[in-house]
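Chain IDs A, B and C follow the sequence of writing; residue 1 opens each chain.
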Amino acid sequence: SAMGPGCWRAVSSYSSPQVVVVRDGRLGTAYRALQLLVLLYFIGYVFIVQKGYQERETGPESSVITKVKGVTQSPSKVWDVGEYVDPPEGGSSFSILTRVEVSAAQAMGTCHEVSMGHRAGCCQDCVSGTMDASQHGVRTGHCVPWGSGRSCEVLAWCPLHVGSNSPHLGVPSLAEMAAQFTILIKNHIRFPRFGFSKANIQAAESHYLKSCTFNATSALYCPIFRLGFLAEQAGEDFAVLAEKGGVIGVIISWDCNLDLPEMECNPRYSFRRLDPKGALASPGYNYRFAKYYIWNGTCTRVLTKAYGIRVDVIVQGQAGKFSLIPTVITLGSFLCDWVLLCCMDKERRYSSRKYEQVPVG
Amino acid sequence: SAMGPGCWRAVSSYSSPQVVVVRDGRLGTAYRALQLLVLLYFIGYVFIVQKGYQERETGPESSVITKVKGVTQSPSKVWDVGEYVDPPEGGSSFSILTRVEVSAAQAMGTCHEVSMGHRAGCCQDCVSGTMDASQHGVRTGHCVPWGSGRSCEVLAWCPLHVGSNSPHLGVPSLAEMAAQFTILIKNHIRFPRFGFSKANIQAAESHYLKSCTFNATSALYCPIFRLGFLAEQAGEDFAVLAEKGGVIGVIISWDCNLDLPEMECNPRYSFRRLDPKGALASPGYNYRFAKYYIWNGTCTRVLTKAYGIRVDVIVQGQAGKFSLIPTVITLGSFLCDWVLLCCMDKERRYSSRKYEQVPVG
Amino acid sequence: SAMGPGCWRAVSSYSSPQVVVVRDGRLGTAYRALQLLVLLYFIGYVFIVQKGYQERETGPESSVITKVKGVTQSPSKVWDVGEYVDPPEGGSSFSILTRVEVSAAQAMGTCHEVSMGHRAGCCQDCVSGTMDASQHGVRTGHCVPWGSGRSCEVLAWCPLHVGSNSPHLGVPSLAEMAAQFTILIKNHIRFPRFGFSKANIQAAESHYLKSCTFNATSALYCPIFRLGFLAEQAGEDFAVLAEKGGVIGVIISWDCNLDLPEMECNPRYSFRRLDPKGALASPGYNYRFAKYYIWNGTCTRVLTKAYGIRVDVIVQGQAGKFSLIPTVITLGSFLCDWVLLCCMDKERRYSSRKYEQVPVG
């Protein structure tokens, strides 16, 4: 039980036991030290550190709305927010493309298998119905001439697009200007138990928000982050990150003592690389997506292998507020311990007058 | 320790101390009150409120599948579920478009910068390589004639689309019929520790589900919500919400006492506006997405600024079930406290016959 | 309090009470049993099972990157990863299409309502401005000839696509080869309190990862799962699952004792069907999405009703590590209980020499 059975005993010990009083200086000191320890434990640890008088709630209801701004340029085109953000809905997890490998226009048909790491002109494993090495097509089983040799014919979106070996429209790096993209993260949390809610944007700061940018030291209520700043805070080199792709976590922590004024409950931001970096088997972050067109009457697609920085916004938080039940239980527990110690002290004093004394055995 | 060291002492006090019995009516009453308090504390708080005999699990495994139905009409077109739901995969977070600003068909090229809040015909900051004010294009540095004055030339998807100032195909409101859209939310939870799972749809109600709609008072196992109902329950005006966009949380709570029959474990629904409303810096919810076409041989896109109602389905829950270990610990703790109190009572009775009595000092 | 008031009392009981020593063999045995119980409770339950000397953290920061590989074939086309994975971003929740109902090319216009379950040629409820039965169009109010009878005219994307009754390009099943698709799940977790992070891929295994496949008995650090394996482990028949659609949860559990070497902290995988199966009202998992084309100068869309297997990757975990504060509190609690028991034993021994003895009443 929270109050401890010993406590009840202490309060109820109106039948005080006859005591054999041991006169020992060291024990007297130990007794005072013990009183101090109990006091420190309750006041320091239970009350101040653990806030034993508060009801607590973790995991607030949260909503995140994000909006990216900025524009960048590759040799062939201009990339605005409609081009490089995916998915576009402004949720808590989105990717900003930083490098793309765009395939040539592909149509359904047959073409030769692109051999990777094999000798050119070799028709290995050319069995009808099996997958080709790039896992994008189905082999027909025909061995067709290709360059100076022969290659297996595949039924697929042709021509095949296999990484950087394949014909593509260029591998533009969007990284240079991408570091200047800004990400607005609107976060609103609510602790349902306390009916308390707060946003990381302040109502009065409409004008301020048009020009501000977040930095680590000031600008607490300006949740507009430069992409380069996120990478830097996460300890990453932006150019490398943009080349290989990666996941950056923006962790918003709300640690609120609701006994204080509302203005003391503020978000705290931290930034971390979430995917494993280094010499891993399959490093970085990339994915493929297709866009479809009707071109000269046939259905055509362009497949893009996109390297990007995925931003995951993670919201966590806890709130505490004074509440009667935990206070009564914690205070009761403390008072009982205290009374117990004091009573024993008293007992000792008056019993020492009345009863026999024995030497310490 | 859960059982309290005082408890062990009480059970083990077969060497009963000689007691100085204090005869005092008030103390006797206090002693009885104490017994009552311990009884109330354990039976009322620990057993009934905290269910100290149960093993508990929070945060069930959960899956959410959503499906929207309905159709609405703008002057230029009919919007069915393939048009206004994004993303379409039927996950736990999706947007229903309620207002769109559709750009004219855009192609990569150069056009004049659209000045916002600046004097028309002014070539401010027209430096090559910098972003234009709308952050959709890159300035070429050329100051070109525009209307009666001049404007900076930008390389971008042209013509630029800048909010309601830009040429677009109309700003149709989809709000009127959107309130009648229905959202089916299939939720299935599982508490792995207890091997218990339940869905918010009942197997027998196949036919019922075709015609029912959720309302606050009945229809517990009919998780089909009108979009207008969600807004109303969240305390929002649907027309305003649809105009500016916003995030509505559908919170499904499972609070299950698995010692009772399965039919006592039911979902509870609550609805809340999750994003901050009011005079905020950046109110509401909107985002931009592009669709791509080949038009007259050139790649063309249509950029849509979409205002919508994002629905976030949040599932939470806890379950408790009788288990031996917490029961033994809680019961042990209670019994010890009780035995302690009773024993002391007994001790007093028989010791009062035998030992000397002292007045209260 | 964690240490229990009875504990303080025991340590501070240098004023030892005079005891009435009860000589009883059964009580002596009970006393030894009690000592054993306390020892077992602390050493077995509090220290070994509950690891009372550790600070704990649950809910690690986690990032998931997924990548699907494989190719399948329908009569009309080859499906590679760009076609059957949706959304393509490689997040923790994605669908693999296993069956599609593709509509004919649709354009905005008027066509006849497709009656479902009604008598053909019946113009029921043909009121202007109301929805048609399939909820894809708006009725114009005109009753037009259709086949041998009449049908209500609707303004919609025409022709209407209503399930398997509607004209479509075929219902190819992708299931046969889909079971061979492989899913790479890269997971990286971090316990911020302990500054500990680990991935489910090991740096040294780059080559191994190119050829391995996960199986239940070995291949712990090869998180490459065949889709058929996931279904099998979740206890589902792949063909049925692919036909109707469903949600498979891949649950990755990290239960780490950080006092042991890092190599003892390993992921554990479990697989479960997350959506309710069986004779439910609205079984399985499917959704609709549209692709848009310009065809002969008019905007055309193809609507696809996609049945698929949604894979939800759920990461959970807890870590514990030796920490001073919980150790001091737990150890203190144990030592006090122990000292208490031992002291009482001692007291008994020397008090038995000195004081009067009474028979058990």
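Please note the rule applied: contacts are C-beta pairs under 8 Å (C-beta built on N, C-alpha and C of every residue); 3 or more make two chains touch, one makes a residue touch a chain.
Which chain is which protein? Per UniProt: A, B, C = P2X purinoceptor.
Computed from a predicted structure; not experimentally measured.
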Shared interface numbering between chain B and chain A [over half = same, under half = different]: different
Cα superposition angle of chain A on its copy chain C, in degrees to the nearest 5: 120
Rounded Å distance between chain A and chain B, as computed from the means of their C-alpha atoms: 18
In chain A, residues with contacts to at least two other chains: 4-7, 9, 17-18, 87, 293-294
Residues of chain C that touch chain B when the two form their complex: 4-7, 9-10, 17-22, 24, 27, 30-31, 34, 38, 41-42, 46, 86-87, 93, 95, 108, 131-132, 135-138, 155-157, 247, 249, 251, 272, 274-276, 278-282, 285-290, 292-294, 299, 301, 303, 310, 312, 314, 333-334, 336-337, 340-341, 344, 347-348, 351, 358, 361
Residues of chain B defined as touching chain C within the complex: 1, 3-9, 11-18, 61-63, 65, 67, 69-71, 73, 77-78, 80-83, 87-91, 184, 186, 188, 190, 197, 199, 201-203, 205-206, 208-209, 291, 293-295, 350, 354
